[in-house]
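What follows is a single structure, written as structure tokens, with notes after it.
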Amino acid sequence: MDFNILMYFVFGMVAIAGGLVLLFAKHPIKGAMGLLVSMLALAGLYAILQAHSIAVFQVIIYAGAIMVLIIYFLMLLDIKSEDYLKSYAKLVWTGGPILLLLAIFFIYKLYTVFKGQPGALSDMSTVVDPMTVPESFGGIKEFSTALLTKYMFAFEFVSTLLFAAIVAVISIVQLDWRGRKND
Amino acid sequence: MESTFLGINTVHFWTYLFLAGVIFLFMFMMGAVMSWSERKQSAQLQDRLGANRAAIPLPFGKKLAVLGFINNLADALKCLVKENFKPQTENKVIYNLAIFFAFIPAVLSVAVVPFAGVIKPAELFQAWYLKWVPWLPEYFAANLPDFSFRLQVANLNVGLLFIFAVGGINVFGAILAGWSSNNKFSMMGGMRSAAQMISYEVSMGLALLGIIFIYQNVDIWNLVQGQSELAWGWLPKWGIFLQPLAFFLFLAAAVAENKRMPFDLPEAESEIIAGYFTEYSGFKMLLFMFAEFIEIVFVAIMVTTLFFGGYSVPWLMADGFHFPWGATLALSHASVVLLQVFSFISKVFFFCWLLQQIRWSLPRFRYDQLMHLGWKILLPLAILNLVITVIIVALGGF
Amino acid sequence: MKEVTFTVDGKEITVPEGTLIIDACEENGIYIPRFCYHKHLFPSGNCRMCLVKIEKNPKPQPSCMTQVSDGMIVYTDTPEISEMRKAMLEFVLINHPLDCPICDKAGECMLQDQYMEFSGDKSRFNETKVAKEKLYHFSDKILYDAERCITCSRCVRFTEEVSKTNKLGILNRGDTSYVALAHGDTFDDPYSYCVTDICPVGALTSKKFRFKERVWYLHKTESICAGCSRGCNITIETKDNKIYRVRPRENEKVNQSWMCDFARDFYIDPMKNRTSGTQVDHKNVTYENVVGEVVSLLKEHGNEMTFVLSAYATNEELALAKQLIDSAEVKGIFTKPDRVWHEGSEEVKSDDILVKEDKTPNMTGIRKIFPAAKDLSEMIISDYKYAFVWGPNAAVDKLDGLQIISLSAMRDQVSDKAKWAIAGRFAAEKHGSFTNCDGIVQPFRRALKGENNYDELIFFVGILKGLGVEPVGRTVEEVRKAAE
Amino acid sequence: MSYQIPGLPDMEYMDRQKRTFLTQIYYREVARGVWITTKHFFRNMWKWMTFRKGGVVVQYPEETRPDMSPNNRGRHVLVQRSNGESRCVACQMCGTVCPAECITIEAEESKNSTIQRKPKVFDIDISRCIFCGFCVEACPVDAIRMLASTENLVGYNRFKMIYDKDTLLNWHPVVNDDVVHGYNP
């Protein structure tokens, strides 16, 4: 078996496992650790696809900066697991069907891809073979050029997503405060 | 037909595996040397004698103390055999995971650093002083006449960023250890270390941006290559000459990242016992200490590589010295490689010594002083340095 | 009784008529120094330490000889009185050898304490002190040091009034006077150790305690004597899990301030023939194993079992035992006079002072909790297959042919013969309470750490839990509370 | 801002209000500090390379300071009577006052009826002792003293650091033969 394929499966498994830990961990810190592992595994996936820049930025930005902040605040807040779970118990009824739909969609997508290309999995080695990609592929120059020209809008749009997330968090926290005042 | 192992060229595989082993071992040895110099050097500069008691008894009443090295062995032995205390925490997994987050990045990031230039084994083993294994030069000359590799474990084209990425993960070691120890002092240590490391990472990154702009690269190999060149025909293009301010900023920020004196607030003994690793004992504590020592070596390696030309020796080319006044001194390939390795390691040793000297000379900063230095001094200076560099580079400077 | 009111140092005090000033003051928190006065002895008034100023009286009066009267105004702390105390102490100390470093009384000596509190002056006596006999062997228990003696006559009055042997007397007069026995006599009094307790200085010391330990190192535990059914209140003084001495504790209703020599030896002499650990068929097994076996035995053969109670058991243990007997439906309950605790201790018959005929501490408690318990001699062996024997000294021949479970602190024929042997604890090693012959329930605390990790209470709690019964309590306090 | 202490050179203290930028970035001060320690470092290294001792410390069990004060509280000794017995009466004063609780005494009856009491066991655990000298102060019969010497107070085995009565009596007093008969205040 090709080393890259092997690592692809290893990292893929770890990423999925990290995601599952994030979903099912009772303690928020453990969930954050799951997310962190998932991020690192994603970086590994990028790396075996020869996209070194993306892999490294994945680690610097997500694992090194955002996760540190998340864990920092989780520690400061010292959320007790039970309260945390109770407030999210209702979300299962809305989130569950959405998750199910997404899963069906992805399975369908995979099915169509592999239906069209019977040898897709074994061909992956040729896709990620270092010999077949140009020397400069995944370099910082190419990455920057692509990011700041072609994907400029997407890049900026994602940052609005983060902004939206911040607004959501503040609104939730404020609601919580109001609830506590009545106690 | 080249043989392959898991899709990788077998010779490449074994070469890089061997290289990784050697460099890993080198880092460990350096860690041991640092823990020795932590005692002996501090003793020398404080007019003491330092650890010299532990010794192996020899026959005829003699003792083998080896300048206090046996103390290190005794320490390691003690840490291995002593009772392993565990705190009453519900997060045993994270408690144990934190050690790996602290230790692995310390040894991982050295993978992208070149220890010497290109090595051609077929030529290398021709030198009379390297003919230890008789069949080795014949094997390389017969089978792989053109095989060459760099003395660098991973040839990443984003090497400098890789170091930043791994250094960012390093924060988790302290923060998770502090949190999972279920101890107020550990928690404070973890918090302090997280705040400190995040603050100084900013200045460190900005200081290094100048280097990146000047050499137009983030590949460490190319950075060192760039520093091997000469400016005006005589001055090596070392980072210290082109970016003197960045050197000082980087040195301060790197010491702060390393959590050593005078920035050792996360483990300030007089305030919070041992900070984030208060609750670790025995071998786990040893790993934290060892990670710290290896990080000193790594800071020295970074300073060497980025500001002092890495392995490069002034005016040494692949075929020997080319002095600026026109004289040349031809050297064999093996001699050049050994000179480069020696140059690299001696520079690293010097900076290790300097870092220890700084650590044992200075008192600890107060927390507000630490933050003041990080955000109000280092950061503006780094930005200033960056702006000036960008203007000079845009004007076509070097 | 008629009450009188008088004033001490400006404080109005009401006491029954006939009370001595010194007692009335002490009850109200004013301590008057004394040497010769003892609460349970007739006052003699010879030490002159307790002088107080009484208004309209030209001279200070000894408070131990003066009864209060209505409207009396007493001062205990005038400059005159304190001068007199200082002078009195100086007088007493003139011939005192001051050999506190080698004196066993040092640390609890009334002379030391009162000198520190009421005088503190330096000696002005430059002449040679009168030398007297330093090692006067009164008996093989008591040693007398004439130099230290201040001739307060407490010991003499004790032999006259309490033990009524009239052995001691004071010979000679002035600075040559000393306590002495009749020529050729020995001080063989069953209460002789009491004189070492009441001696205010180190003149009378116990040979058993001599030079063993300094008194300030001893840890004092309030306990109840297990020597006989009188239940004297005692203080057990220990260090490093070893009993150094036992002293009586004041209790007006039971023993006043006295206890017998037998009981002191009983505690101090090292316990011989102790049991240890848990055995089944003379093989050491874990405690849990034995508890499990006893539980299954009680479950299956409870109705073929007889339960022989120990009169050394505390009330709390008996309460749990009762619960056990009721829940396991044990057939017969017997009790026995398990008198002897260690070999060689001399048998003391009863007397009319303290010692009782019944040498067990808690037979009254058994009678109260188990009114139906019969004496062991009335047992018919053929009725039973198993016997739970608690405590030592059961008649072995009465238990022939039975399978024995023995729970005893002392090794004897029964525990040797027992199939299941569990070591118990001695009275000084556990908490609990005894009911004495007059029906007074007296709690006591543990003075020694037992050798085993369990005591009888824990054992019974374990058995009850094994039987599926919730014990009324798991600690002595819980059981006591449940009993109330 | 300077501040004069008589007999000492002028000492400069930092005026926090007047710190310059150069002071605030610390680099110059760090360099000054490192320079001082580096001088020490190389001086000691040079001494070491020329086979001289660099540090000022005393390698205690092998070396002892020659300039020890005669009042130094070192090893304990027990004072003898003229017949070689200890003067101690086992009164436990030293054991009671000892803050480190390192003195163990067991008393026994002496054959001499004027002395009555003498120590059967007199142990000082030197590994626990803090050399405060309270035992010497407390002793009513001047039986325990401390020598100035600190030689051989260390050991590899902590049980060998418990000095028993014979060890404590094993010394040669320089004082004249001051015999005490019994306890005579």
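As written, the chains take the letters A, B, C and D, and residue 1 is the first residue of each chain.
Just so it is clear, a contact is a pair of C-beta atoms (placed from the backbone, for glycine too) under 8 Å apart; a residue touches a chain by one contact, two chains touch by 3 or more.
Remember, predicted model here, so these are calculated numbers, not experimental data.
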item: Between the pairs B-D and C-D, the one where more C-beta pairs touch; value: B-D
item: Chain nearest the global centroid, as defined over all protein CA atoms shown; value: D
item: Farthest chain relative to chain A (centres taken as mean CA coordinates); value: C
item: Separation of chain B from chain D, taking each centre as the mean of its C-alpha atoms, in whole Å; value: 45
item: Gap in Å, rounded to a whole number, between the CA centres of chain D and chain C; value: 47
item: Chain centre separation (chain B, chain C; CA means) in Å; value: 75
item: Inter-chain centre distance, chain A versus chain D - centres from mean C-alpha coordinates, in Å; value: 65
item: Arrangement of touching chains [line / ring / star / complete / other]; value: line
item: Pairs of chains in contact (touch as defined earlier), listed by label; value: A-B, B-D, C-D
item: Residues of chain B touching chain D in the complex; value: 41, 43-50, 248, 252, 354, 357-358, 360-362, 373, 377, 381
item: Of all residues in chain C, those that touch chain D in their complex; value: 98-102, 106, 134-135, 210-212, 214, 216-217
item: Chain B residues touching chain A - in the complex, by the definition given at the top; value: 6-8, 91, 93-94, 97, 156-158, 161-162, 164-169, 171-172, 175-176, 179, 187, 190-191, 194, 198, 201, 218
item: In the complex, chain A residues that touch chain B; value: 1-6, 27, 29-30, 33, 36, 40, 43, 52-53, 56-57, 59-60, 63-65, 67-68, 71-72, 75-76, 125, 136, 138-140
item: Chain B partner contacts - residues on chain D that touch it in the complex; value: 24-27, 30, 33-34, 36-38, 40-41, 44-45, 48, 53-57, 59
